[in-house]
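Here subunit A shows up in two complexes: once beside subunit B, once beside subunit C.
Then we have the complex of A and B:
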């Protein structure tokens, strides 16, 4: 709009806002590098005088923390990290691949009416606690409880409407004439889409993949109710602190939280340009 | 929309494209939902009987929920209150921040990313982080002590726990309002603004008479999207307060979760879920009537 510099009174306002936004993240990162004695000190310690990486080491080697006099009550997070990667990556791949095919179908060969977005949105409105109920029943009948295929199936189905709708908005932006020209050149319909449509929406495809990954990576409740001994993801592991009887391992939990957060902050940064579109189901373009 | 050179038979062949996605949704989502819908009319519970052995109650579960279940009704009211408070605050803060970003200043790109970062943090991590911040010996209380407010027990008092949830949620999602409103503001055409300025309109008049009407659809989209999410709120509250103290911060999702997975009242929980779904569908439908063309027409 009108390009003017900040007024004098607006500068402190902006700085205060920035401090408030960054403080929780700052606190989390500081906790992750605190030695055990600083974890829950009274009064709380803002910046540890002796920062350490022991919390991160403890995640993969629970005995490491014993050197600090903590009773080694923590559980290795290796399984949860691997589990999160396996579940999120496979579900994201499936949801985006299926979503891409559906998006081309919807954009090029179907008429969408007002009910289509409503059906898609209703999938996102249903409380996960409620979807989890029938899943638990069906999965116990088909012995998919506590397995990765079960979790991947849920993640794929839950994020598929989202990936379809977002990818459709990118395909809609392309003029049809390019695909039609390729078909007139004798390419089959599928080849025309593979060689013309897909390369042209690369950016959109990347952003959609990233957003679906963020949804899967962050998911907590389904993983929580489906997991028992075999299945583990980072959010489930993180939430365990509430039930830990042997006191809370603040620093170790914070270290895991920081590890979990890094890919999302980086990913979010790369797809900033498409963030508004993705988060509003294509209602906002830029 | 369909005036292309692709003929009708191509359209039919092309339908094939949407089949794989539909099959997956049907098998993995729709089937369990239908099972759950049937279940919600029975008294089924895994500790009591098999699904076929459960007795059919008709609408009894729904009746119970809507008329007698005070805990459910309170959870609905509490979630609505949380939604109204959080969305209003997020809107005001988001709009204020977006207005600042209409100015030009150094480091604007970096600050833009920084202000979006809370949205990228996993909900469980947000819950855990704010749980640490609100500890009685935590940094929030340290800062409060500077202005003379001492020993605040955030998680022992009903209103304070609710306030903690509000603060957490507002921190987490104000960036979404900021992002949406800023893209909306940037899309407001410049000429009417210039014209209004030339005609001598005050900045206040320019905002309310020119900018705000153009921004209205975007504002509604932001509210709809956030309302849908806040109705489902679970992770942050679960880690922050577990719904406590008592049931002071128990939202709909927490209540359903406790019903289904702590008390194993799966059928009753499913009925509650379908009521919530019906309510939110109705609400979103009404809210979106003014903006549906924008959402439907992806050509922008």
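Then we have the complex of A and C:
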């Protein structure tokens, strides 16, 4: 935690960084409440004079935008929102749960220092696009194309290396004597890990969950390649707001993006308090 | 047949791949006794304790506790308590919860837990930290809390892995006598690992020395000091370290530093049979300076050499003389400091010639 005052040269740097991060969000939120005529007006309109919720209504009622004389898309975003929630939540749960088990295993019970973790990470050593085509073939053969179990499986596989590595670093930081003390005091190995290791890496568990969720939530390529009629996610839906008649429906896109940001912002606030590393401070000699 | 009461290790061996951490260590630690595992870092002390506790499986060997084989049992089924060198207090639990955890995990009734924790907290002077987290406690408090967490239960044996290494010297001194008192008062069975020979000599009923994964000697503190089994042990135990000289056996006497020193009978017998060169060990306290106006008595074994180093140790001085390329360190009272100058030729004598040690070319004590 930062608890010394900022020095003078740090303030302008921070302001620039802040502007870089916040400006796109500001623009996104403004676009979401602009009527179609303002979407790509030139010169650009910074703050709409007549803010409207029509873009948000269009997400769930695609015909609504026609009142503004703009052609819509046929499909409501509802399915994509539900789909994203289902896929991201289940894949995140799986990746973090499996990652936790692997992390404890690698950190505590593996004698190879780096080869196994490296093999796990090798799943991320090439661009995802390289494995998309093989996946399409495998999924077609196994009837996993265009299904949620298929998407959840691939998301889990892709994020598991991250969760394993991140969680491993948290477990590594925790002296093994913590859980060993519990074992001598009467706990089995599994119970010692569940009641001592896991609570002590709670912060790491939350931040890993958050990161994996963000990766899944914003994933576009696999969802696009693997989906047809059954499967839908928010990033795929975002790409659908491009119509032949009216060009890109910027406002509607922005509205969906704003909705998509909400769970991440809430999640961020929720885990902020748990992000303190060095929870073990003071309990062991260093 | 009587069953041995205590902890017994038989040819305990641990290898990590090709690396030998412990080789065929066999020893016993008596029930209600204070046994110390003494050795430098990397000697295998922690490995020994981890094997005994079941936290790691041994490559080979057996472990018995009060006559029952526990070699393959899980840590929780061995009924041992361990204090780790980093203490491993639960950082998210306060003093009370830390102390109570072994009882809670064994599902003791709440009334019993309360009663035991409070009475132990009183005994260990921990009452004031019961509602505080470890991070707010002082070094001594954490140390006592870790001790308390082990003591709260009544396990068959206590394993202590350098338990005092994290506290400052004055506190360590106080805690080690407290540790000894606790052990004796309640007839607890302790096996403690330490790299500090002074600590081992101070608290141990019996000392097991380890070096490079092997048990080198098992002895009482007195015997360990008086009759170290080899050069490594002799050097490791004692401060300033024992003086070592090239020695010869001539005409029934030990000859070293140009002095002739009567040879104790048993040693003479051995040396007579193998009159090769060997190493003589002389503890600093077995030599003394003779400063004017004192004169040596005729029966004294006396030499003289220039003074090359003085190291003040508080009430005493470690004084080093150099003779024929060999160095002799001895102790003197701090009061004589003003009478010493570097380079000055000083007379010295050998005290208790019968306590002189002799080691063969392989470093083993002839009399071990």
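Quick note on the criterion: the second predicted complex is superposed on the first by the 223 of 286 C-alpha atoms of A that agree within 3 Å, B and C clash if a C-alpha of one lies under 4 Å from a C-alpha of the other, contacts with A are read in each partner's own complex, and residues count from 1 in each chain.
The rule we apply is simple: contacts are C-beta pairs under 8 Å (C-beta built on N, C-alpha and C of every residue); 3 or more make two chains touch, one makes a residue touch a chain.
All of these numbers come straight from a predicted model, not from anything done at the bench.
With both structures fitted on chain A, tell me whether subunit B or subunit C touches more of subunit A's residues.
After superposing on chain A, more of subunit A is contacted by B.
One more residue to check, A:129. First (subunit B), second (subunit C), both or neither?
Only subunit B is touched by A:129; subunit C is not.
With the two structures laid over each other on chain A, which partner does A:199 touch: subunit B (first), subunit C (second), both, or neither?
second
Check the residue A:161 against both partner chains and state whether it touches subunit B (first), subunit C (second), both, or neither.
The first partner, subunit B, only.
State whether A:186 touches subunit B only (first), subunit C only (second), both chains, or neither.
Touch partner of A:186: subunit C, not subunit B.
Is A:221 in contact with subunit B, with subunit C, with both, or with neither (first, second, both, neither)?
first
When the two structures are overlaid on chain A, which partner does A:80 contact: first (subunit B), second (subunit C), both, or neither?
Neither partner.
In the overlaid three-chain picture, which partner chain does A:178 touch, first (subunit B) or second (subunit C), both, or neither?
It touches subunit C, and subunit B stays clear.
For subunit A, which residues belong to both interfaces, subunit B and subunit C?
111, 180, 189, 279-286
Which part of subunit A faces subunit B closely enough to touch in the complex?
For subunit A paired with subunit B, touching residues are 1-7, 10, 13-14, 17-18, 20-25, 27-28, 31, 40-44, 46, 98-99, 101-102, 104-106, 108-114, 116-118, 121-138, 140, 153-154, 156-158, 160-161, 164, 168-169, 172-173, 176, 180, 189, 214, 217-218, 220-221, 225, 234-235, 238-239, 241-242, 250, 253-254, 257, 260-261, 264-265, 267-269, 272, 275-276, 279-286.
Under the stated contact criterion, what part of subunit B meets subunit A in this complex?
So the residues of subunit B touching subunit A come out as 1-2, 4-6, 10-11, 13-18, 20-22, 24-25, 28-29, 31-33, 35-36, 39, 46, 51, 93, 96-97, 100, 102-105, 111-126, 128-130, 132-133, 135, 137-139, 142, 171, 175-176, 179-180, 183-188, 190, 193, 218, 221-222, 225, 228, 231-232, 234-235, 238-239, 242, 252-254, 256-257, 260-261, 266, 269-270, 272-274, 276-277, 280-281, 284-285, 288, 291-292, 294-296, 298-300.
Which bits of subunit C are touching subunit A when the two form their complex?
16-17, 53, 55, 74-76, 80-82, 84-92, 101-102, 105-106, 133-137, 142, 149, 153, 165-166
State the interface residues of subunit A toward subunit C in the complex, per the touch definition above.
Residues 111, 175, 177-178, 180-189, 196, 199-200, 279-286 of subunit A touch subunit C in their complex.
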